[in-house]
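Take a look at these structures.
Shared chain: chain A. Partners: chain B in the first complex, chain C in the second.
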Partner chain A sequence: MTDHTVACSYKIPVGPLHVALEEPMYFRVAVKGETIETVELNAGHVHRGVEYLATKRTLLQNMILTERICSLCSNSHPEALAMAAETIGAVEVPERAQYLRVIAGEVKRVASHLFNVGILAHLVGYEALFMHAMQVREVAQDLKEAVYGNRMDLGAHCLGGTRCDMDDEAITYMRSALDKLEPDVRELEKTYRTNGSILRRTRGIGILSHADAIACGVVGPVARASGIQYDVRTAAPYHVYDRLPVNVPVLDGCDVWSRAMIRLSEAVNSIEILRVCLDQLPEGPINDGGDPYIPPGQAIARTEAPRGELVYYLKTNDNPEPERLKWRVPSYPNWDALTFMLKEAKVADIAIIVNSIDPCISCTER
Partner chain B sequence: MNFLQLFAHNLTQGPFTDPFPFQPAPTAKRFRGKIEFDPETCEGCRKCEKVCPAGAIRFTKTDKGLEFDCWHDSCVFCGNCEFHCPTNAIHQTQDWHLAHVQQDKYSMVAHGVIPSHECPSCGKPALFTAAPANKVKGFSEAEIAEFRALCPKCRGKYLRDRKSR
Partner chain C sequence: MTRFPENFEASLNAAAPHGVNLTTTTDDHGVSVMWCELADRDDLSAVGECLRSYHARLAMVTANKPPAPEEEEEEQDEEDEGAAEAEAHVPEQSMSFGGTPQDGTSYELVYHFDVGGDYVNVVAFLPAGGSIASLTPLFRSADWPEREIMEIYSVTITNHPDPRRLFLDESIDGAVLDRLIPFSQMANASTSDELWARVMAAAKEA
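Now for the complex of A and B:
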């Protein structure tokens, strides 16, 4: 009898390549039959020493370096770094620049969320929906390229403001792109809400209970899908978020589906925020040369990246290079929650569950 | 979502991919591509070299003058150099056609020389750099040309003399 149980229980490696996205993460899963018993997470495959590198670069160079830590949250990293440096130097960011910062952040949020829900459809095996979601996302990609000159790394921020201004042409382009995007995103939301293939594979899968979510300290859409109403944009409004219609959707399904739905309704909300920003965009300067004096000191800054709360700590001294630059990325606590989500899950659902936290390995391990 | 409708739409409106390389791919007007350098308008302040996070830009002093090199294969197209350049002497173009064969990898460089010449006032060697815009505000064309030819020391003297005039 005992022999029989031992024979049924296996340890299988999942990863490090191609678990959900093309990023390396490695799990050792003990399975019994098709059900997962325990999960061990192994990290460190893409550690590149970026934190050390950052202390060898000047702040102006770090504005670019940090943007390249992560692709989908690329905008939030230099944003948080600039906010930390501006706190130390007591640098005032012009109002127009604050609006432009919000615009850059929300455009990235739409594109990031659409990418994640698109990949979900791919993992479910619904390739037609996957391609359609990516096609919809392409509008956001084109928008980034047209306004910022690059599809991923916007280079929107500089110390004390933004680098890229929006003229009438860019504003008109953005408005028409949003008009194109909105009905499609709403349609996608409806599909994810009602489509049988999606519902069968995602509802009740990857459960992270409210209590476990609090214990793991998860952030972003993962937290909001487990009933935690927390969003830095409303909890500690930065830039001009206190003047904008930020809607923080909360669901208590605690499953993969709820996380996808949160992302889709946030994408719709981001489009609304963008429209309001374009309407309210004040005239004025957007930066003060981008090279303000930053005295020795230390500061912390928080932003809401598409994946959740991003925290930056910056310590400066008399050198142009920071003494210490450290960040806590949203995937770090969310990753930990995977042990709860994967418990008792089916082997076939591993990729779907992993994708549901929208993991960013490259910024977690930097 | 009605997928039959979507298929019909894609069949009539598609394909949505660009037929590159058989036709040119559309490129945004603001696209941040290959670096271009103009030694005519460069002040030689070397700010671009300092802010470049990739170390793609190098200035070297040679007999010819101040030589500028930007290695396209090291450049990450961030546009930091362009943003911090006071004169727009360095800027990004819409050109993204940087694919090349292995043999050419050391020639993927934007090169420029700020020539060295003799200062017409003191005869010492000087770089023929552009005149900083904030210093020559209100100058006439001829004055700018005169000022530009001078070495840094004589430029200072020129400014003082002009002020007292």
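Now for the complex of A and C:
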């Protein structure tokens, strides 16, 4: 008989172009048999130098540019940039605009979370559920298209307020879309909670312990699934979030399943927040009509993007272009956590685990 | 009234013997942002240690190379005010807190920390060619930002446990944001028949 014992480890490449990855990232995975020993990340495949470009554009142009850094968190980028500029210029944002900003953010959150859990079903091999989740997400996509005219980049914000107002027709349409979405999202949550195929492939997989999560400084659903109760909307409230029923779900499962459940539960909460916003939406202007003057200064602004805390640092001088514009996307610290999650994992689970941090590479590398 | 713990400012002052310049603003929601300029960048590790004791999370590191301040036109001064006073103005060099010259060659590094929802931004100034100690031994999340700064600026970060390139390939010269690079070269779009010649040569060999 031949001796089949696996004596040594192998290094296998995953990426940069790989069927299970939507964007290029290169993982050098050392395996022993089917089990991963170590993982090394090699980034930089879509590095575009947007940060440099931002210093060559005026603030107004940067509102357009930053929205194109990422597709799923697109709305949060100009939102945080506007907040940083408004802090420097002491610009008062009208109350109606603050509500409209929350509405745009929460609609994006629902769509983004449904996309991620949908992809999870696809990676698990449950294609019917994947298509169902994407179909439910389609309601949110149509909602964005109907209200903002775009399905991904909403272009909702401007310096000092918002660009798009919502009339009664749009509000009625949004209410009916939310009524359609809510039971479907709740049904999805129930399926992910109970379905055997999902549970078998996601529970106890991709563990990121509470201590490791703190060490890596992870944010968003990844942090909250490892027991870290941190959400910018409650930790450092902005807009009118302190008047809204923001629920910060926390789980201590530390696995892929917990991350998915956090996202689904946040999607349900976002629908509730949206309804309250539509009820409370005050009358009034949505911006002050012109481009506010932003004097020299520096400021930091944060928003809770669908993937977690998004940080913007803006430094202005006498020129219309910023002296420095820097941002840190939620995916950036979350990548590091993969080295913990993938340790001792099975090769077959790599894609599922990578998807569980909801990675965005064009965001990370800019 | 801020949410920062009691004695927070005092501990920061104690951690940086060379001095810190603290300014804090609090918005309508009660969220505070503190700017903490270090007189001496050697105090960074001690300040990092202090923030760590408050369970701070290092969220982001920004490097910036502020441009030299524009020279002010002093023609009017000379006419109006007499020569003696004008002379006193001229040789003055703009300095950061702590005395790093702001002449367009120095850097400022801003370490953005989250302390229970509030932000502390620690600013360290580096003269051209200066180096600064790594925070990665204290904060794991400093690893990537510091590697990124090392490859886009001529900034040396000492004691970094893994100072490899992060986004840029080893074949690319470093400090890309410090150099003027012709666009065609950057986009690799310069026209020559070099590639064609190589393809033809390879075809001949085959």
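Basically, the second predicted complex is superposed on the first by the 353 of 366 C-alpha atoms of A that agree within 3 Å, B and C clash if a C-alpha of one lies under 4 Å from a C-alpha of the other, contacts with A are read in each partner's own complex, and residues count from 1 in each chain.
As a working rule, a residue touches a chain if its C-beta (ideal position, glycine included) is under 8 Å from a C-beta of that chain, and two chains touch if they have at least 3 such contacts.
Remember, predicted model here, so these are calculated numbers, not experimental data.
Q: Could you check whether chain B and chain C clash or fit when both are placed on chain A?
A: fit
Q: Quick one: classify A:163 as touching chain B (first), chain C (second), both or neither.
A: first
Q: Just checking: does A:292 make contact with chain B only, chain C only, both, or neither of them? Give me first, second, both or neither.
A: neither
Q: Which holds for A:328: it touches chain B only (first), chain C only (second), both, or neither?
A: In the superposition, A:328 touches chain C alone.
Q: Which partner does A:300 reach: the first (chain B), the second (chain C), both, or neither?
A: A:300 contacts chain C only, not chain B.
Q: In the combined three-chain superposition, what is the angle centred on chain A between chain B and chain C, taking C-alpha centres, to the nearest 10 degrees?
A: After fitting both complexes on chain A, the angle is 90 degrees.
Q: Please indicate which partner A:236 is in contact with in the superposed arrangement: first for chain B, second for chain C, both, or neither.
A: After superposition on chain A, A:236 lies in contact with chain C alone.
Q: In the overlaid three-chain picture, which partner chain does A:220 touch, first (chain B) or second (chain C), both, or neither?
A: The answer is neither, since A:220 touches no partner chain.
Q: Of all C-alpha distances between chain B and chain C after superposition, which is the least, in Å?
A: 17
Q: Which residues form the common part of the chain A surface touched by chain B and by chain C?
A: Comparing the two interfaces on chain A, one with chain B and one with chain C, no residues are shared.
Q: Quick one: in the complex, what on chain C touches chain A?
A: Chain C reaches chain A through residues 27, 29, 31, 33, 35, 57-60, 62, 64, 66-67, 70, 110, 112, 114, 116-119, 121, 139-141, 143-145, 165-169, 176-177.
Q: Would you mind writing out the residues of chain B in touch with chain A in their complex?
A: 1, 3, 6-7, 16, 28-32, 50-53, 76-80, 83-84, 92
Q: Can you name the residues of chain A that touch chain B in the complex?
A: Residues 57-58, 60-65, 67-68, 128-129, 132, 135, 138, 142, 145-150, 153, 155, 158, 163, 170, 187-188, 190-191, 195, 290-291.
Q: In their complex, what parts of chain A are in touch with chain C?
A: Spelled out, the residues of chain A in touch with chain C are 43-44, 47, 49, 52, 87, 214-217, 219, 235-238, 242, 298-300, 302, 309, 311, 313, 315, 317-318, 323-324, 326-328, 332-333, 335-336, 365.
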